[in-house]
């Protein structure tokens, strides 16, 4: 098993395209997306805009630890402008034979 | 006659199901129409009204009346946000919120239009297919105007507007695209197309609208609690502005010489506010504005006001003026 | 005649699609009706049957027959759980399970009712709108009765029951709410409303029921394996209790003087068991009870039994008695 | 006459909505039909066409013509993958890809069949119910044949094929199961069943097909960019192979003595390729093959080619030969 | 980047309201909810009640480490009564400018 | 609170049955499944096959640390054959009274 980093981003779905582009640019070419995430957060005056607005998405990407700093740099401006959260966790990867070496 | 019209509107199953939806929220029932069913209904309604309008248009053809109405429609869509902006700016002291709300009221609500069209049908009154073209054409301009207003008047933060994205969002968002596409297909296939597609687009229409208004009642009622935070000014705005815009619309319709049915739809387009396309565009392009302001006013005040009181009221005014 | 009725019931597309759904599970086909489609169908069926019932009610008005039926309906909904509870307690030796299953059988299954109504329609028999009111009124009381039974008889753990929550769950859950709401709207809009909404509520009705029963077949068959754990006592209970309740219902219907169509629906209400509203309420209020017991019996035994054998059988009995 | 048929096919609302869907992708509109709506539509279409076919079959009964057609259908489903395999192997130099694509073209596309059936209806031409049986019977064999080809010709890796799983996937996947099930129910309930179910299965049919083709347009267009990687050989294959298969199908239909409507459907079955059932089965059983090859060719080339050009072209050929 | 805790709760959806209230009361005002989670667990006799019952939900909330003990106190009685699981993981938060200081 | 391991698997939904069986066999009897996960990964030539193919699923299972090695052994061959990812993270479990002792 190999040490990797787990990046998880929760954001409004209209940011999805931009976020994925940012991931791609910083070298992360694999990810998964869960849609239809409901959420609530504290930012003054803004509330969750259920059905009438676009929903949140939940993006998970596992990557080698070296990429983290460039990812954070690429993601942070998007979060600053449009909101959303990004968290990073340590994880162990069960490598399968078909895996492309990063 | 006014009260008669309002009553006959209120005893409409579709309007009553709208109330039922609101009631469900107030008594805290767990009734809900799960996603993506409401989306299916709205796609259906857009496809059906677009197609029907196209078929009608293929029969009537283009006339100077049609072109005049289109010019009037686009003008209203561009001017309403401008005067709304200055009123809102004065009342709210916030340029971003003012621009976003102004754009919302410059655009239209397709469901309000469709509810008005089925109200006409019930009264045995007809309308022309080109009104659907107006519906499609009035959705987008306000988004552009709103953004121009922000760029001209708002304190300049590091805004880099991607105009290509804004234009795509404005003119190619799913509702405008499907509406125009269905309209064109209706024109192309004409009477023959209508024959094979009408069991689907005609017979289900009122039922789907009813179901959709049930959902709109649920959604609108959930927004009502937000109104506490919006303040009296905005609530007054979201009733008085539609009334004013409808009056302007009726005046224009009279000038152009529209028939009563078309005049009602035109006034409803002017009076209604967008609660889907424009809010989505504003959230993306003017993230500084507070979405709960522009969504709640359009959805929890203007929309119910128009479908319950507005539609019969505007028709009453039109019948007075035209007779 | 009995076997004729059963056969004509079995050669019903809707019932056959129910079997097809069960078969799909048995042969391990991957057929499924993905969520939330079944939810859409059930909302549609409730809205349509409620609205139709309301329209009928607006024609016939209230009579002493109507009031008597309503009293009988509510009484059955309150009494069935009581005697069921004591039988189950004796058989299961578990107060929580007994109360939860008792509540399930005191309540009703709207789909069984709707299947019976379309069976009547096929036979050219009619029923009155007030039967839909009974359907709505019989759903909730058993939830309250079940909870009272738990509080009276079960070993007292630290139970703090939130009655306001229970009452809301019982009387304002989405199916009761939509059913009553649609009924009232049907009454209010009457003949005129029916005219504009009926292409939707009438023409699709049987088709949506068919699709829904296909899904019910899938769901019921998946529950069948649970029956291994429920034991012979519960399986016997879930066939004999409906038969007994139907017989009581037929007797009451005779006393009140209902017509045959109404009598069938009344007996079906008595015989059916809830597999949605009551289980959800029980899981919340009596978490000590084992859900697989009350869901499986209602869904995998009583429901199929009623729609396949019960409905034609009860009608046979009624025709014997009434003739 | 050829160009007339193509034109009348092109001015079909359903086909135009297919183009609209493609256009939405090309102009980057955000139009989408959210899951699981397309699934609902496809279940509906399978149920409706199966049921309708069954009802027709119950009227016409089994004849030697029926049996001959069925033999021809199954033979085509088994032989097409074999000759396709050798052509593809020569062109692609990859046994796994060759087998998977061959299986795809041996199987059928129900939507293409349904589109052809509604094209016939528009032209006032009829077809027989047993053609629906062919539709059901031609879906599965190619999956088995494809897998046999892999086992015979591909370099032997540690393949442990679970044949029971493969057979279940082939013969009990949801579309085959629902189609055959609905067919049998149609046969069992006959005219009487059709009467009560037809408002649902007939009146909505064309509308649901239209909506579904709108979605297919979206899906097909998204696949088009994959074609860059597939290469000229595969693109040529996915147009020429359907043409060849259709020609063989027309020849067989002539030999059997089918009527023109049935002949069209038979040729369409031969010409179409599966983009759902077979790809799912291939991904599971031949994971070595590249899914974007077999999905893109079937979906982005062969499907549009068949519904736009193929259907009217094959009918033109048939009318020439039969007259 | 700041150290935070990631709370993840899986429970039947009818508990959702109560769980969110508990989070709010213990000072966690932001969260995300994923619906339609299928699940299976071991507790004797109880099985998953798919379509006929309410589905599971998956709640994720990131918070400052200090809140954990009060959250656990608030959540545990709900799990005891209705079932469900709660797990806590360490994570790093990519702070964006708009973030409200907790 | 007890230390546990969090196993998360992302894979095409047609593998779901096999993966759950593998979990069961290696002693993990509880899990949650989120469906309709979209994804993209790098493996040459293969792309995401959206609507026309089966979707991805996201499986989460919490278990005692001792089971990890047997799980990895059971899962790896499936990933090798059909693709998909498996990652393991440390987590703390909030034990509720009703919990079955593992």
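Order of writing sets the labels: A, B, C, D, E and F. Residues in every chain begin at 1.
To be clear about the criterion, a residue touches a chain if its C-beta (ideal position, glycine included) is under 8 Å from a C-beta of that chain, and two chains touch if they have at least 3 such contacts.
Just so it is clear, the structure is predicted and the values come from calculations on it, not from any experiment.
Novice: Supply the minimal count of touching-chain steps required to go from subunit C to subunit F.
Specialist: 2
Novice: Note the shortest touch-path length, in steps, from subunit A to subunit F.
Specialist: 1
Novice: Using mean Cα positions as chain centres, tell me which chain lies farthest from subunit D.
Specialist: Chain centre farthest from subunit D's centre: E.
Novice: Would you mind working out whether subunit E and subunit F touch using mostly the same residue numbers, over half shared, or mostly different ones?
Specialist: Under half of the interface numbering overlaps between copies: different.
Novice: How many angstrom between the C-alpha centroids of subunit C and subunit B?
Specialist: Each chain's C-alpha centroid was found; their separation is 41 Å.
Novice: Cα centroid separation between subunit D and subunit E, in whole Å?
Specialist: Using C-alpha averages as centres, the distance is 46 Å.
Novice: For subunit C, write out the residues touching at least two other chains, lowest number first.
Specialist: 35, 203-204
Novice: Could you tell me which residues belong to subunit A and also touch two or more other chains?
Specialist: 34, 36, 83, 89-90
Novice: All pairs of touching chains?
Specialist: Chains touch in the following pairs: A-B, A-E, A-F, B-C, B-D, C-D, C-E, D-F, E-F.
Novice: Subunit E touches which residues of subunit A in the complex?
Specialist: Subunit A residues touching subunit E: 10, 34, 36-44, 56, 58, 72, 75-76, 79-80, 83-90.
Novice: Okay, in this complex, where on subunit C does subunit D touch?
Specialist: Touch list, subunit C to subunit D: 11-13, 16-17, 20, 23-24, 27-35, 37, 122, 203-204, 206-208, 210-211, 214.
Novice: Name, in rising order, each residue of subunit B that touches subunit D in their complex.
Specialist: Against subunit D, subunit B makes touches at 35-36, 39-40, 43-44, 47, 51, 168, 172-174, 177-178, 181-182, 185, 188-189, 192-193, 196-197, 199-201, 203-204.
Novice: Under the stated contact criterion, what part of subunit B meets subunit A in this complex?
Specialist: 35, 38, 219, 222, 226, 229, 275-276, 279-280, 283-284, 287, 290-292, 295, 299
Novice: Which stretch or stretches of subunit F touch subunit D in the complex?
Specialist: Residue positions touching the partner: 12, 14, 36, 45-47, 49-54, 81-83.
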